[in-house]
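Okay, so chain A shows up in both of these, paired with chain B first and chain C after.
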Partner chain A sequence: MTDLTATQKALGAEVAVRSAPYFPRKKKAITGRSIAVLAFLAICALFFCIPLYVVITTSFKTMDQIREGAMFALPNVWTLEAWDHAWNTACSGTRCEGLKVGFWNSVSILIPSLVLSIGLSIVTGYALALWNVKWAGPFLFVLFICAFVPFQIIMFPLISMTATLKVYGSIWGVAIIHAVLAMPVLTLIFRNYYKDIPQEIMSAAVMDSGSFWKIFFEIILPMSGNILIVVLILQITSIWNDYLIGVTFGGLGAQPMTVNLANLITISTGTVRYNDNMAAALLTAIPPLVIYFFVGKLFVQGITAGAIKG
Partner chain B sequence: MTFRWSRWSPQLALMPAGLVTLVAFIGAILWTIYLSLTRSRRLPEYEIDWTDWGRQYERLFKDDAWMISLQNLIVLGLGSALAIVFGFILAAMIDREKRGESLFRTVFLYPLAISLIVTGAAWRWIFNPELGAEHFIHSIGLTWVNASWLARPETAMYGVILASVWQSAGFYMALMLAGLKSINSEIWSAARLDGVGLFKLYTEIIIPMMKFTFITCAILLSLGVIKAYDVIVAMTNGGPGQSTYVPAYFTIQALSAKGNLGFASAAAVVMLLITAVIFLPLVLLTAWQQRRSGARG
Partner chain C sequence: MPRVSFEHITKTYGLLKVLDDLNLSIDDGDFLVLLGPSGCGKTTLLNLLAGLLDVTDGRIMIGERDVTDLDPKDRGLAMVFQSYALYPTKTVHGNLKFGLSASKLPREEIEKRIAWAAKLLQIEPLLNRKPGQLSGGQRQRVAIGRALVKNVGVFLFDEPLSNLDAKLRTEMRLEIKKLHDQLKSTIVYVTHDQIEAMTMATKIAVMNGGVIQQFGTPDEIYERPANLFVAGFIGSPAMNLRKAKLSVAADKVEAVFASGVRLDVSDYPFASPPRDGDDVIAGLRPEHFVLTATGPVAASFTVPVQYAERTGPDASAYFKFEDELLALRVEPGAAAQLTPGQSVAVSYLKGKANLFDARTGQRM
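After this line comes the complex of A and B, so read on.
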């Protein structure tokens, strides 16, 4: 199954390995071309920042100022009123308890989803990479294909199954589906990481009468720090940002924050409070943004490795 | 194997993943394909009328909304391809200039960290017909500009495209930047010595050298386009009318809003086929890449 490795390399390793030789750049005078390039890049950066700027300023404005229609103006009076509304009283469907409901749902979905998805795939990846198991090759190939399957084609069967297991509409239902859908990609990521462990280490460990689980917990897990943190960040952001699984399997009781936000912004009755909407959008975006600004490099590694997850 | 447990533990450890693959993926796909042949409406029915097994597919391709969805899929695909072009231009400039690289990378990539629902919410607000960007543009005197794209069926799809490009251009920039950095640095000095123009250097040397990166980007983009759902929900909800329906949205709409199981299953099967058509080149490409690197080593 080396072809899988090649693809993973193509998709993942490219960004991880930045092997450009570093030449200490001579101090050179800034040229006209440099200025033009920098100006162009700055304009593009501005384009990327506009939505964030508009969302932030709108969330601090009063509705009176918003009705004047000056979208790009700074708030006349900076107020936290909209943030308070969004957190405490914004309506999602018929319930008007704000986004805090969704926030706590998202948090309680996040934890079991992380444990289930990472636990399942790390063990699978380890077994496939380092142990002689029958059908390992074909199994990896099937996993590779599963990573591409559109969600819609397994949607109804998964709903039926979770309903039969009595977990539909609960935190656990959402968490299980997250684990199931993330399994193919995460397994491939872990397997590709572990397959580079030299066979000698494994032989020595087995000779030392190490069992499957003993080797896993005493040798493999301690050396998986790098990959675990990358996968962890990938999973935290993608579970937090997920909408489709949450809206399909969350029922009414376990809707994550993104579902509340979507309900809030697509509401068509009554007067729309745009400042509340934007505050709600920011509240939803803050956790992943914080992760991004603190560990951006790891985030990019994860997103490229998991790119095929889409 | 000296230790007996060693022989069984790995197989046992693979059981859960194997079970998930068999049941939640393979079984579920077969189940949906089967349902697409039945007359199931709100509840599943398991009788197939073999004289008329393709009826759901026939209905599907007579459905206007589905044909709009397919059309929009192509429009969205072509439009989002701008993200690759844009990403390459950004990467090339960052790579040549080097000043401020980490700052620009950070700015261009941050949309990727945000949920598409948030992205949709932001752009929906910017495109707001009464109070949005249009109002501002008109107020500075450019009254002939139409910026409330989402309000009109003809332009709504462009709004969605703009939001998707905004979201994903940074990602393609990161891939392209990695590709550019892996190019041998001697090429730049060789080109300068030979007096090759910058434009010619890129179009005739650099881009052909990076074709693998470009193809990877194109495939990832197509897969992303087929899965596009969140951004549609957040920005337009398929409207105005049905003008921004895409297959992913259509299928879920048919299942959850209209409760039409057999019909939705047929749409999902067609989605799977479209994915397979995109997926196949990826497998071939990987095989090709494999052979090339094999020949080199």
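After this line comes the complex of A and C, so read on.
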């Protein structure tokens, strides 16, 4: 064997597939090994795509067609009926107002808990990283430990605490629990990010202004774009996709979209309306996707624009 | 413009004593350079003055004010940092303006000062740019500008030129000196570069191991180093330091080297009367050697050439003297004619030798 194939081996199969056309000595561009890789990748893709295909097509079908049982068939008639039904009139328990109730609940949980968790943790992280805080080391250690306590362990105390605070079963209850549980990890993330800000910038700011809040808002916050986007994506997805906190603290009136969806598809009487269920599942999954698309783009811009030496 | 004084300053980090009972005071309008090798405590001392570190013990006075426990912003100081420390998300204008954020000045006054500093430093066309769009020298000017707008009496510089290339460094050195002449402010400047110290300072404090080794004008430091550390640290090539024994006769005092070469030091201003047989270390500056003597000389001897090197307008030649290298400054033309191995007669000028006590290392 030649040196070239040895290099290819070293670089891995994927590179071999890509670089194969650049070696004109070989008549056949695709080797047995690359076919195997392609096949594996194709199976992986199908593994995710087939269920998604079924979900999407089913959501546009009528119940009549679904009853025929041809799961992979395209809809005979494309209809938005199921989407409309899932959004507006599907029954969750005894209420038949569709998913929109859950959607708006989720939105009104998301916003305050985002503001609370990011607002508190960014300032805590800033103080811990850049100011002389007494007991900062032990405090960080406690935060670190807290970040690894499973939610289930502290669920009951939290329920009684929220009940005492009279927020149990309300939007605020869920929002506050989300914010509190996210605090340790977010504080550590912000603290580690701010630790990398050159000490001299902070010294200059202390000599120039000396004000904790002025330095935060004028110097530090404008430098935090990247990490804010990261934390935003992290928080939005985890809050939106959460089920356990929502079902535990939401009571009956403040159920987020995920809980609403679960109630909507678990019915004990009548026929299972697959098209409604699929549409409802897609509706629930769309918001985080939208966030990824919009904020992800900003994320890339943020990385390139922030390339400034201190 | 105020006088700055450190009184009995002690600074410890845990068990490590960085500064111990340090006293230093500079006059109004002085350009003080704190000079020393890395880790000698010079930056610590500057940060103590700036208020970025707390003193463990002692007192810092600026003018008549005790600033030891004041916040950095209240001390009436402005500082220029080694890495410039510009705020990356603010424009040059924003950077200068933030420098004034602690002082509650009216808007017109702020704009007036920014315009003044920008004009003085020739950064007017850059006011709307961000630091990322500036070159190293421009950033340095902005950093100085941010200090200037504060209109304070004392400026602190923490190795501000060490990130610049050699040419720019020479230019900025001149400009800082010019600024000092213009503003008549007090400047405390930290550096490990002796050329910066020699060219800019009105006073130099040479530090080593947290102790001020010598405090004086650049000329004093260079001509009359107080101890072996200062003698070896200042000057390039470094002063030649050689062991010798004093030989005191009725009309003549000589330092005798191991090889028997005798250096006439009769005119040396001894602090205390010299005693015969004292162990000394003679400090001989490379530029006080001559190849062809025209005036009175203190010593003449013949040594073999090791090598010669030219540094632009100057040249240094290294000779083998008592198994060690002896550095001499020579004319570039003469240096070209020296070949390794060749024996050359060299003379040391009269009245230029430095003598240090071999036991204490102090100047005699």
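Brief remarks on what is shown
Basically, the second predicted complex is superposed on the first by the 257 of 310 C-alpha atoms of A that agree within 3 Å, B and C clash if a C-alpha of one lies under 4 Å from a C-alpha of the other, contacts with A are read in each partner's own complex, and residues count from 1 in each chain.
Everything below uses one rule, namely that a contact is a pair of C-beta atoms (placed from the backbone, for glycine too) under 8 Å apart; a residue touches a chain by one contact, two chains touch by 3 or more.
As the structure is a computational prediction, the values presented were derived from the model and not from experiment.
Once the two complexes are laid over each other on the shared chain, residue contacts for A:218 go to chain C alone; chain B is not touched.
Contacts of A:206 after superposition: both chain B and chain C are touched.
Of the two partners chain B and chain C, more chain A residues are in touch with B. Touched by chain B in one complex and by chain C in the other are residues 206-207, 209-211, 307-308, 310 of chain A.
Contact residues of chain C toward chain A in the complex are 50-52, 71-74, 77-79, 81-90, 98-102, 130-132, 146. Taken together, the chain A residues at the contact with chain C in this complex read 198, 200-201, 203-211, 214, 218-219, 222-223, 307-310.
By the touch criterion given at the top, residues 1-3, 5-6, 9-11, 13-14, 16-18, 20-21, 23-29, 31-32, 35, 44, 90, 93-94, 96-100, 104, 106-126, 128, 130-133, 135-136, 139, 166, 170-171, 174-175, 178-179, 181-182, 185, 212-213, 216, 220, 223-224, 226-227, 229-230, 233-234, 237, 247-248, 251-252, 255-256, 261, 264-265, 267-269, 271-272, 275, 279, 282-283, 286-287, 289-290, 293 of chain B touch chain A in their complex.
The part of chain A that touches chain B in the complex is made up of residues 2-4, 6-7, 10-11, 14-15, 18-21, 25, 34, 37-38, 40-41, 44-45, 47-52, 54-55, 58, 66-67, 69-72, 120-121, 123-124, 126-128, 131-134, 139, 142-143, 145-146, 148-158, 160-161, 180, 183-184, 187, 206-207, 209-213, 237, 240-244, 248, 258, 261-262, 265-266, 274, 277-278, 280-282, 284-285, 288-289, 291-293, 296, 299-300, 303-304, 307-308, 310.
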